[in-house]
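First chain A sits with chain B, and in the next complex the same chain sits with chain C.
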Partner chain A sequence: MKTNKKQFLTGAEVVVRACVDAGAKMMFGYPITPGTEILSHWIREAQSRLIGGQADKSLKYLQTEDEIAAGFCMCGAVMAGEKTFTATAGPGTVLMQDALSMADGMRLPVVVIVVQRGGPSSGTVIYSQQEVNLAIHGGNGEGLRLVYSPSNLTELYEYTRLAFNNAWKYNFPVIVLSDGFLMKTRQLVDLEKIKIKNIETEAIISENTQKNIRNIYTFEEELGEKLARDKKDFEKMAGEVIMSEVFCGRGQVETCPYEELVIAHGIVAGAAKEAVNALRLAPLAQGKKVGLFRPITLSPFPAKELNELAKQAKKIFVVESSMGQLRDLVKQNLEVAVEVSGLYKPAEGIESEEIVKLLNC
Partner chain B sequence: MAKEAKFCPGCGYPVVLRFLHTILKDKKLDKKTALGLDIGCSLLAWDALPINTFQTHHGRVVPTMVGLNRAKPELLSIALVGDGGAYAIGLQSLLWAAMRNDPILVIVANNTVYAMTGGQMAPTTMIEQKTDTSPAGSDQPPVLGPELIRGLSPKAYLARAAVNDVKQLNEYLNKAIEACQLGNFALVEVLSFCPTNWRTKGAETNERVEEMKRVFKIGEF
Partner chain C sequence: MNLKILLSGDGGQGIQLMSDLVCRAAIQRGFFVSHIPNYGLEQRGGVSLAFIQISDSEIAYPKFSKPDITLILSHQAEERTAKFSITNSQFSVKDYEEILKKNNIPHQSYNMFFLGLLARMLGEKGVLQREKVFELLREKLEKKPNWEENKRAWELTKNIRY
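Then we have the complex of A and B:
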């Protein structure tokens, strides 16, 4: 893909751009709506890519027999030191947990683009924020994964770039959580303004190593100690990667306290921004102190930032396309007593008007 | 091999590992090999050899080695897996690796049971064989791995050896490694001792492998 300044791109095209720019060399994938286009765009890119007029064959891919194989092929490839990713959705995210769990255990720097779709089962394919729990806690361990939730295409690009850097810097699996709507959306984006320096990779296994690596432990204490070390590393990483945003209307400077705090992530946060903006501008609502808190990393969760705002809030409204997966994260992290209510619409889109109505009740 | 002790006395796995290591050293490939282990008794080999070795998940060593090999074809990618890992939970990926002719070496230890979990029925359990989960004897014909793959993967090197004939085992492993180096998929199934789950001693264990040979034909396919 040539780098013009502003481009009209779909979510899937943005993901591929980000992966290429991050230095990713391999994708393993299995088609599933709404994530399929990431695989097909990557393959097209790999086949047609030119560098200085010459065919560049450095990008590799394999359409595997299922998501389980895609996940484990990815694990093998990162062990050899190659920046590698996969993309999946819904039932595929479920199958991906076997490999993700190995990556959790062996601290493998894998990157998974999860394109949420409505569930359970095959459900629907456009709106959903129902794979939050799966993304963080889908493995049979402690959920030590870095999970980003972008709310527009520019962020999808930026956090996918960061996903590779942080996977290889901290050796935890990284998931970029998007959804069917964002993946199919076409927006004018200026990706060039996002400057991120790629980090180098290091092979876990190579001609220069002689390693004997296990993921099965004979003694409970050994595994306990390993997990304690992982947790410590995760907390250290948290201090460096946690991201969140506070919004109180366009052109407004952040002004705490907010009496009413809306909490949303992903594309729903986009609608919530519109709602906060409208409420701030509405003549009737003059003085209505409403703000939006948006966790960008869902794991590790921006708990300090949340509590800072929650301390002074009278009421929290969680808004999400799920029956409460974000609410549960918020509640787990809240250290102050404040009323939490919300708008929970599993696998449905949420309009800003609905949020305005909720807050005007 | 310093740490054989983790396998039960009389186990077939250490025999396979010892020969594999010798061949790799002879071919000067010991530094250029990645040995992936399935979860099954193969996992006990994680620190048996002074070569790059790692454990994966049950049934998933083949796709892991496919990915590693595609990222780093200079390394010889070897998957060591039990009959259950290869022909039950991991069959789909095994067949696809063979059909795509991914140049990895898969060594399947066929002991006709799920040994690690205590002797349950495996895809290789023979008719009338009694196991923990087939107490009345199995009534299903066993999976014949190399024969099954033969029809799907014309270029693959496929053979079956036994731990009680090490000359042949040695020959097939050598040929299999050469096949990988030429860019082809290779699978060597090894009829392997599991005295613990067979509840056999000494000569009986060997006799059991001879019995197996009547069902699982030794040779190249």
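Then we have the complex of A and C:
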């Protein structure tokens, strides 16, 4: 059997595995579809976890009265030095912004798993990619947040692990921006092959030391200076954490020449890979010179990588389950004059066949 | 190979359970498997869909609109799945009602008949062992009510023409 180390897991189970393996000790949350199972699986894990045959009571949880409370509780717990996270979706992500903005201002290492669902408002409980803007710029301030966009379950595990490490290394809020499809999908995954060393944590505030972490400033210059320092730290972090992927078909090198560049993120990039494969492998006469660029960190955005690729592209196609939130990010960062068009299906899934059709038009 | 299977029925008809058994049996044969459920807001009475893919390589995207095999277990599900491309391998409760009635299969065991049919077809395609599905099914349901009826519905599909 080829499957001895692989497990058949849902996205929510993968997230909980990642959080446990990252050394997270506490989850605050308020249930909302399609992210509820993260909370329920975490609770089950906390209640039934055994280490060496003994009940392990070190994992804690609290279902708060709403997402606002969950977010602020998380801010408190990380100050005490515990790796803490929450998970939310749609309208819950909206309510979470107050606490996230405070975490941004106070440089708190919080981790939020966002499970995108259709919007506006309650929208649908199923799926979308409409929380990109919210994930990056949902708070008042400058949106100094690290945002990962995983496109499959293995990456969901990997980037959730990285989220904790980088939150505690750089002290910026980290969001793992997933979606309802990814969270509900169950696939065979081999998580043991992913080796990541956990970062050690330290209490930001302890009972014995007095420390005043501010989230309000008396003078405008004070805040201005603080923000300038934060921005500098964020840019330094960017150089170390920015991730992206170039794909030119299975077995092809990343430097292959192409004329058309598809840009997608998250689970849609999975479909886009299939499309690129199909187009590249089409009989020679029709085989298209097409590549995929996938930002893995949406914030900070891999602008340098994008522009390198855009230089050789004749046309860019943005494909996303929103009306253009990724396109706007692309356009903001694009320094090369190249035509940008795309396929925008807010709150609906996009299959590889649709992308093939778009490029064959 | 990437075989796409769409199961559909009313909420409570066991669509997700059926998917689970089929996936686990295919995993035992060493295949890559993906399953994603789709249901509405209703706690009961809505349509439940399951998108399954069984492949010999990694599966990049869980959804699809062109299933190779479709099971339709209710009238409501018929309407919901109408937008998916009709395939030759489409099995609807309306086509088998006569056989089911003739054999006195109670309505709540219809799903086992269709699971049996699906397992047989997938067994013939070599993506799973039909008996493995039954083994998993027995583990799950043997001690629950109506097991004899469920087993009878399953067994009815052994020699049926499809």
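Just so it is clear, the second predicted complex is superposed on the first by the 350 of 361 C-alpha atoms of A that agree within 3 Å, B and C clash if a C-alpha of one lies under 4 Å from a C-alpha of the other, contacts with A are read in each partner's own complex, and residues count from 1 in each chain.
Note that a contact is a pair of C-beta atoms (placed from the backbone, for glycine too) under 8 Å apart; a residue touches a chain by one contact, two chains touch by 3 or more.
Predicted, not measured: the structure shown is a model, and the values here were computed from it.
Trainee: Could you tell me whether chain B and chain C fit or clash when both sit on chain A in the superposition?
Mentor: When both complexes are placed onto chain A, chain B and chain C end up side by side without any clash.
Trainee: Looking at A:Ile126 after the superposition, I want to know if it touches chain B, chain C, both of them or none. Which is it: first, second, both, neither?
Mentor: second
Trainee: With both complexes overlaid on chain A, does A:Glu220 touch chain B (first), chain C (second), both or neither?
Mentor: Once the two structures are laid over each other on A, A:Glu220 reaches no partner at all.
Trainee: According to the contact criterion defined above, which of chain B and chain C contacts more residues of chain A?
Mentor: Greater contact footprint in residues on chain A: B.
Trainee: Return first, second, both or neither, reflecting whether A:Lys184 touches chain B, chain C, both chains, or no partner chain.
Mentor: In the superposed model, A:Lys184 contacts chain C only, not chain B.
Trainee: Is A:Cys73 in contact with chain B, with chain C, with both, or with neither (first, second, both, neither)?
Mentor: first
Trainee: Please indicate which partner A:Asn212 is in contact with in the superposed arrangement: first for chain B, second for chain C, both, or neither.
Mentor: The first partner, chain B, only.
Trainee: What is the contact status of A:Leu62 with respect to chain B (first) and chain C (second): first, second, both, or neither?
Mentor: first
Trainee: Looking at chain B versus chain C in the superposed three-chain picture, what is their shortest Cα distance in Å?
Mentor: The answer for the closest chain B-chain C C-alpha pair is 27 Å.
Trainee: Please report the chain A residues shared by its interface with chain B and its interface with chain C.
Mentor: The overlap between the chain B and chain C interfaces on chain A is empty, containing no residue.
Trainee: Please give the residue numbers of chain C that touch chain A in the complex, ascending.
Mentor: 23-24, 27-28, 30, 32-38, 41, 59-66
Trainee: Where on chain B does chain A make contact in their complex?
Mentor: Answer in residue numbers: 31-32, 34, 36, 39, 43, 46-47, 50-57, 60, 63-72, 74-75, 77, 92-93, 96.
Trainee: Once bound in the complex, which stretches of chain A touch chain C?
Mentor: 1-3, 8, 125-126, 152, 181, 184-188, 267, 270-271, 273-274, 349, 351-353
Trainee: Would you mind writing out the residues of chain A in touch with chain B in their complex?
Mentor: It is residues 25-26, 28, 60, 62, 64-66, 68-69, 71-82, 84, 98-99, 101-102, 106, 203, 205-207, 209-216 of chain A that touch chain B.
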